[in-house]
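Beneath this line is the structure, given in structure tokens, with notes to follow.
Read from first to last, the chains carry the letters A, B, C, D, E and F; within each, the first residue is number 1.
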Amino acid sequence: MNELFWVMQGYEIYIWPSYVLTLLSLGLLFVHSTKQLQKAKKLLKQLSKTKN
Amino acid sequence: MSLQSSFIQIFISHIKREFLINFRSLVDVIAIISFMILIVTLFVLGIGPFEEKLKLISNAIFWIGLILAIIPSLEKTLQKDYDNGWLDQATTSPTPMELILLSKSLAYWLIVIIPLLISLPLFIVLLNIKLKLIPWLLISLLIGGLSISLIGIIGSALTLGAKRGNILLPILIIPLIIPILIFGVGISEAVRINESPLGNLFLLIGFTLIYLVISPFISAFLIRIAISR
Amino acid sequence: MLYLKDVTIKRGLKTVFYNWSATIENSKVTIISGKNGVGKSTLLRAIAGMIPIEKGIVKNHDNEIFKDKIKWGQNLIYIDSKNGLSKDLTVFENLKTWSEMRGWKTSDNDLQKALDSVDMLNHKNLYVSQCSEGLKKRAALSRLYLSLLFDVGFWLLDEPTNELDQKSIILFNKLIQRFLENKGTILLACHELKLFNFNYELLNLDLLKKKN
Amino acid sequence: MFDWLANPNRFNRITEKIQPCIFLIAIITLVSGLYFSLFDSPKDYQQGDAVRIMYVHVPSAWLASILYFSLAISCVFYLVWKHPLADLVSSSIAPIGALFSALTLVTGSLWGKPMWGTWWVWDARLTSMLVLFFFYLGYILLSNAFERKIDGSKTASVLAIVGLINLPIVKFSVDWWHTLHQPASIIKIGGPSIDDKMLLPLILMIFALSFFSLYMIILNVKTKLIEKKCEALLLKSNLEEISKAG
Amino acid sequence: MSLQSSFIQIFISHIKREFLINFRSLVDVIAIISFMILIVTLFVLGIGPFEEKLKLISNAIFWIGLILAIIPSLEKTLQKDYDNGWLDQATTSPTPMELILLSKSLAYWLIVIIPLLISLPLFIVLLNIKLKLIPWLLISLLIGGLSISLIGIIGSALTLGAKRGNILLPILIIPLIIPILIFGVGISEAVRINESPLGNLFLLIGFTLIYLVISPFISAFLIRIAISR
Amino acid sequence: MLYLKDVTIKRGLKTVFYNWSATIENSKVTIISGKNGVGKSTLLRAIAGMIPIEKGIVKNHDNEIFKDKIKWGQNLIYIDSKNGLSKDLTVFENLKTWSEMRGWKTSDNDLQKALDSVDMLNHKNLYVSQCSEGLKKRAALSRLYLSLLFDVGFWLLDEPTNELDQKSIILFNKLIQRFLENKGTILLACHELKLFNFNYELLNLDLLKKKN
């Protein structure tokens, strides 16, 4: 990858943050929601165990 | 022995009730007028008393003043009637809540608009408003005021049963009010640059009509939720 | 006969009644008693239609009462400790706007008689903000007299006697007597049963809720 | 369709099957979209490389709008037909939509600085996106502002529906404002003023974000269904304890 | 057994109480920030989106936003504590009412100022505020906010007993607030035209100090009247 | 001994007491009774220092009580139907902030005991907005227990028993008993005298005011 690509005509301080921010927030959303699902599943298992 | 009144009569008696509570004397009229004057003062002082600057913002002042005069007081009566149990009485009566809420918003419209109309000459002088603008200003404030109070009652009902409702209210209500402000300002702008303000006026009327139809139903629905807590 | 069948009523997150049943006889006084927080007020508000009944049915004779809410509203008066009086109106104005709100065409004469029935005629023009607690309660109870003139079948009263003095209790008893003569049904939540000089059914929620 | 899906078990069964597909499509389009937008798309003749921000900005803006529409529709389903699942759908959509509208605002600002020399301009689109963001925020805050979840859901749904009526009016009215913004170029399908090669990454990114959102919504609804089951179990055991104690 | 706390402890525990009631969660911070943003939006839409105009009024917007954020909520807590009898409890206790009111106004200052400071960068972007203005804006909003809340509590106390309080409030306090607005705007104007803002700043500080001293006494006096009704 | 000598007390424009005198014995319970609007609450508020006494003196032993308001405030607890609870705080938080407001350093343990004394420990974390009327009243009355730990000489209670259930009335009686053992003085406005199982002096305003 050449230097020119990263610099992007001097717009790099605008372009990279927007991409990073977008991808980062999507990633965080994904991780957070998956964790939430796992937690809920675990709780359900526990509850149905104590019931029986 | 059942001498039932018609809906119209119930409606009018409700408006009368709001007037009895909020509009007992001349003091109340004066209070609203001075409130508007003070909003103007606040702006003028915040901006600096230069005429060119003032001209730019005189529209905004009117509309923001109207919003600040109608919505907080509308919210307050609804909250009061919720706290003192009047809304409980209304739900446990044969009268539809929709009717009561419609009369409440119309009453508040009148309560604010009447003093405003009385004092319009004063503002015309204070803000140096051009004569040709006056009829349009009048009509747009009249109609806009109605839709502000119709929306205001939705907002108050939305936050009535909510935790920290008072702090949520502006967030919910300002986005709903934006079109009124824009159409209203649009009317005056059009007149100023000698174009026809009718387009904006019709839009404002249409907007108001939409809320005239939906507001009572929506707010009655919301109030039933608040009461069921 | 008011039947409550397998009703579940929630208040906030708390389930106050769960699959609970009871019957309330018509043309009688039923006093709902029980310890603080057991659900007396909740029950009254639910029957009045303010708190939703999550499950179960409430029937008056054979009609589900919430099928036609307007009709049921016509048929009942609900008064609780909030009174429903606007502080900024006088006692008389409060009664008048209240009766107008219900759509009743009452003459000023009727309104005055109503105020007289709870000995409030002297205080007619007092602002509610200037009333003592007992006077406020009496101003609220004056509605009961008005309801005698119209076709109301139910009174739902939540601790109506709390602030009343001895004389007002007697007047209140008289109003109840008249309503019973009109074949009205009264549900009344109260802690102090000795105040009433009529026959009543007792609905003790402490006992009833344990049974289920 | 909604009626049919409203059964939680059926919902779980069907989504179990399609979820991996959705995820796969999202990943493929995202990776290829990113490739094209960063490496293989032309510079704009005016904006140069800065135009690359468009490939995250415009899809976010679209999704923010589309998701609000879906949110409001699902609120209608909830209030009118009283499907409990519809509420779970709307409350799953709201945070994602809010995220996208926030992203639009931020990436737009990042675009505006090099283009206009200012982070923010009170232009029509920016203002209406800000308003949209506040509708999302209002929905989220209001739905959590009640003690009982159901009250919050109902109240917030009302707000969302009012917003559905109001937002187009806001958008339309705010358009009265003179705008520095570029004219809507995709909409002019007759002759898109942007390069075809710019269109490809844009479309890919729109697909990527849409499928990603769909996947996340399904995931969140699943989580909420399970949480609901847990609550029901807890309540039941509580009530049993109460009846035992009584 | 009498473990008396010092006044400082009582004072802090009061501020804690207000925070417990009004600032329970992140939601409250978000709500106040959003409120300020929406006020800005409302103004901008009323005035028109043109940068030159905006520059003229950005100061005014800040100050009016601050006033609208502090005073209505301050009024509301005082009214609430009056209605629910908390103020009765305070008068029938050994703690001086002055202390309680001072803590209330400081609490409200903090409740509004903290979110405002957090979100200042946002407003700088939204209103296109020049960098050199920022430290002065910060300091003048901090100090001005304090005097607004000190004045706000006088106004709220004034209208507590009054029957028509809700409408009277703004009328009574806006004259008191006007000097703050003038000094505050004066500071930014001075910076803008490259003059020294220190004069206005000292005036603002002096003004605030005066209110810091007299406000608790005046409002305690007014509240005793309200309670004695 | 609390002496009221030739006091005139106004409420709004109305003169409720005019040149009125009475004595209230220390270390006893005095129940103030009388019909609605006669001035029970006014009297209590006046003694508590909230309503000004236009003319006349109020003395405790030989000290005019309003000479040193802070000391008098230290010496009394006033509770009326308004309760003084913030809806947005829990029962526990309300009690805690209240005791902090009075400048009392109470441990959490003391606060819990206070709540227990009115059987509110289970409802400790309930928001006041979620309490039933009786629970609210009990939350307010829990202050009485705290005052036993500190040097408070007077309880002024305006209709404290209104919403209480039977069990709470017993607990309330116990609190009163303990306060009397501490040589405390209680002034209590009430309509229902049968609720109390201790000796009390009766101050019937109906009779007293006619006499003057």
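Here is the rule we use: contacts are C-beta pairs under 8 Å (C-beta built on N, C-alpha and C of every residue); 3 or more make two chains touch, one makes a residue touch a chain.
What you see is a predicted model; the values in this text were computed from it and never measured.
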| item | value |
| --- | --- |
| Chain at maximum distance from chain C, centres defined as averaged CA atoms | A |
| Pair joined by more contacting C-beta pairs (B-D or C-D) | B-D |
| Fitted rotation between chain B and its twin chain E in degrees, CA, nearest 5 | 180 |
| Rounded Å distance between chain A and chain D, as computed from the means of their C-alpha atoms | 16 |
| Intercentroid distance (Cα basis), chain E paired with chain C, Å | 45 |
| Geometric centre distance via CA averages, chain F-chain E, whole Å | 36 |
| Separation of mean Cα positions, chain E and chain A [Å, integer] | 40 |
| Residue numbers of chain B (touch at least two other chains) | 24, 83, 163-164, 168, 171, 174-175, 178, 182, 228-229 |
| Junction residues of chain D, two or more chains touched | 131, 134, 137, 141, 145, 147-148, 174, 177 |
| Multi-chain contact sites of chain F, meaning residues that touch two or more partners | 11-12, 88, 130 |
| Interface residues, chain D side, partner chain B - complex | 131, 134-135, 137-138, 141-142, 145-148, 151, 154-155, 158-159, 162-163, 165-166, 169-170, 173-174, 176-177 |
| Chain C partner contacts - residues on chain F that touch it in the complex | 11-12, 14, 34-37, 40-41, 81, 123, 130-135, 138, 159, 162-168, 191-192, 194-195 |
| Sites on chain E touched by chain F in the complex | 1-5, 9-10, 13-14, 16-17, 20-22, 80-81, 83-86, 88-96, 100, 227-229 |
| Contacting residues of chain B [partner chain E, same complex] | 24, 27-28, 31-32, 34-35, 38, 41-43, 45-48, 53, 56-57, 59-61, 63-64, 67-68, 72-73, 76, 83, 164, 166-168, 170-171, 174-175, 177-178, 181-182, 185, 189 |
| Residues on chain D engaged by chain E in the complex (per definition of touch) | 109, 118-123, 127, 130-131, 134, 137, 141, 144-145, 174, 177-178 |
